[in-house]
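Here chain A shows up in two complexes: once beside chain B, once beside chain C.
Up next, the complex of A and B:
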């Protein structure tokens, strides 16, 4: 897909979202869902970059999200760091963690990488709940409850004034998406794809696997960390419940729905998935069962997600004319 | 010897026994996982959910067969069910993905969805409260001052028996040799007329039967809870990677090392640190030997 087309799809999606508050601005519930959609759109896109473009089976995206959220929360609550600075520091810290996790993954084959990154995810819960986490200020099994909202020039972006907060989130999501768009269409993005398709050949052409794989870890975990930190300040409280399997699988559904390696697809996937998830709420405890079944069915029946569906149709149209 | 040292020694022996019992069941599960990865290259994220499926099926059987003495009939009934479930799932869900590009990633995603589906289905059907199975044999074996429970002894020997039986099947039966042939050289196996697809399904089914057997054994000591599958899966996965994927002997050693490690970490630092210890062990091993203890480079 050309970058113009990616940008056009992104522009249409974000454009529609940007004017939605004109119609539903009064309904808090819908505005909150929109904000959550935007946040997950970025996280899913980051996951798409590392998995779909760079071909690294990273299962640590939720872990990085939680690391970012907790780092910023701890900075803001225990050390009274201003929210914006705390978010940036959290992003840098998460990027560091990403590189640290990426280092042992460089030489490992696919399933091992998935294991190491998923291991980070599984270790995070006992770590945050245990003595070490409490000593750092994670609040143990209760979590962090009083994270201050983001304040810019004396104006607090909390859920009390939801429309400005929505536009701030939109700005963040658009910025992150543009960064991703630029990266995957630059020399770096080509290098990621080359390494994914044939690592030996790419290396023989002088592309450093070491450099680009670490770069992809650093970039995606930085963005995920920033968004996670932002999420923490928006919601105002954090707990280790985010590390349970449902959120992880929900993110994966976004990726499958959007199409793996079909970039703006993940954004569409996030909007569709969050909406469907909310519509499934009346199912109660059957919701997670349905989500699980959906993953199985979608992986089998929708190999390239909605984007693949779209691309195939437009391709068929191009050949028939 | 003073009273205190004696007490400490007894406690240590308890820890070692717990490590050996858990290790033996882990070995059973790791062998199943390493087999399915070694032969079919498909990674099964729902492995832990099959562990619980074995536990729940056994729990359903208890009132029917009349509790304690009925474990033989439970094994006879549950293990074939697990085998059939595994065979059907491979045929209907994994096999169609095999032809796609990047199918390994897709299998991981699909089985993760399956895990979420199964875990939450257990929660809906059986309720969130934990279930327990009666011990397979009650009573204790007293050797001097040492006390061994028959349950631990039975679990240990049944797991080892299961592994030995599995090894015998792999080395002495037609289907076992066909599985080995496919693992060693899929093309060559196809040329000599081994039905590859059926072997893939059979391998997957054998591994689900093994983990179901492990589920019945270990659920007597602990409890069956709907959401515990994830931890079980990660544990068997760590063991498999630590031992070397595709290496059955490596998986055996790794299972006992990790069973012991877990028991000692649980004893000295507390159970919640065992996952952290496992992960540190895994990272160090993979940093030094990316192929695991016994894996081929």
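Up next, the complex of A and C:
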């Protein structure tokens, strides 16, 4: 897909989202869902870059999100670092962690990368709940409860000021999405795709697998860390519950629904998944079962997600005319 | 230009390349042949940095042992693979561009990529995804991407495999032109002896990683040891 087409789809999606407060701005519940959609849209897109474009089966995206959230929360609560600075520092710290996790993955094939990165995910909960986490300021099993909101020019962006906070989240999501768009359409993106398709051919043509694989880990964990940190300041509290499987699976569903390697499909996937999940809320305990069944049907009918389906349709349309 | 000096490669107990020494002169078309499993492709993998080895490989007087494949590419050694490799996510033009952007020293040169597409007769399929190409075009694409790195040596691994006689003639002509018009030294692994005798000025025969015979093709194909271990009595 050309970058112009990707940009156009992103523009349409974010444009529609931007005008939604005109119609539902006074319905607090919907505004909160939209903010969460925007946050997951970025996390799912980052996961798509590393898995769909670079072909690295990293299962560490939720871990990086939590690392970013806790790092910023600890900086802000324990060391009184201003929220904006804490978010940036959290992003950089998470990028460093991403590189550290990426290093052992360089020599591993797909399933083993998934194991190593999911291992990081699994070790994070006991680490944050245990003595080391408590010493660092994670709050143990209670978590961090008093994370200050982002304050810019004396204005606090919190759930109490939902409309301005929505637009700040939108600005963050658009910025992260534009960064992803630029990267995957630059020579970095070409290197990611070449390494995914045939690593031995790519390296024989001068691409450094070491450099570009670590770059993709650094970039996606930086953006995920920043968004995780932002999430912590928006919600105001953090707990290790985020590391349970619900969020991990939901994010994976977003990716599958949008289409793996079909950016900006992950953005669409986030909005569709969160919306359907909320619409199914009246089903109570049957919600998870219904959602699972819908995902199975969707994967069978649209193996490349909604974006893959749409691209196929538009290509078929162009061929027939 | 390229010199292997007592090079040995072991995979556990298996000795894939055994104390192999030979030299390739600038401007040559140098052929390597031998039975399946003789270690021909392993030699390529050693020269291009895919495997570590014992001994010394010198390129333009510099020992290149221990360098990574992407560094070897930047030195001016390019290669193709026995099983055609492509980038299905990229178009033909983008794939050839990969070689120039990442493998060549200096800035990305779209005009050079354009000239390589034309040289390898890939211009008509430049916008096609590489996964949909014919076998011949996939081979041309691999050679084109390798040429886009502006190599001094191009190493071809069984370029004729799976090709019909017309395709073989076409590929041979391309190889001749790469050598003559672009001044690029060629090393070619091939099983078709006719191709090797027509194209190469020096031919090396190896078996079980060991040099059997090296010299001008006419002499090599008449060597009794080569006939016994590789060509067979019926050759000729």
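Throughout what follows, the second predicted complex is superposed on the first by the 314 of 321 C-alpha atoms of A that agree within 3 Å, B and C clash if a C-alpha of one lies under 4 Å from a C-alpha of the other, contacts with A are read in each partner's own complex, and residues count from 1 in each chain.
Please note the rule applied: contacts are C-beta pairs under 8 Å (C-beta built on N, C-alpha and C of every residue); 3 or more make two chains touch, one makes a residue touch a chain.
Small disclaimer: the values here were computed from a predicted structure and weren't measured.
Contacts of A:286 after superposition: chain B is touched, whereas chain C is not reached.
By the touch criterion stated above, A:115 is placed in contact with chain B alone, chain C being left untouched.
Shared-chain residue A:126: touches chain B; no touch with chain C. Residue contacts after overlaying the shared chain place A:295 against chain B, while chain C stays out of touching range. In the superposition on chain A, A:203 makes contact with chain C only, while chain B stays out of contact range.
Applying the stated contact rule after C-alpha superposition, one finds that A:193 touches chain C and leaves chain B untouched.
With both structures placed on the common chain, the touch criterion links A:278 to neither chain B nor chain C. For chain B in complex with chain A, the touching residues are 37, 43, 93, 96-97, 100, 102, 104-106, 108-110, 112-121, 123-124, 227, 230-231, 234, 237-238, 241, 245, 270, 272-273, 275-276, 278-279, 282-283, 286-287, 290.
The part of chain C that touches chain A in the complex is made up of residues 48, 50, 68-70, 73-74, 78-79, 81, 85-90, 94-95, 97-99, 101-104, 108, 142, 145-146, 148-149.
Those residues of chain A that touch chain B in the shared complex are 51, 55, 57, 104, 107-108, 110-112, 114-116, 118-120, 122-123, 126-127, 129-130, 244-246, 248-249, 252-253, 255-256, 260, 285-286, 288-289, 291-296, 299-300, 303.
Taken in their complex, chain A has these residues touching chain C: 187, 190-191, 193-194, 196-198, 200-210, 261.
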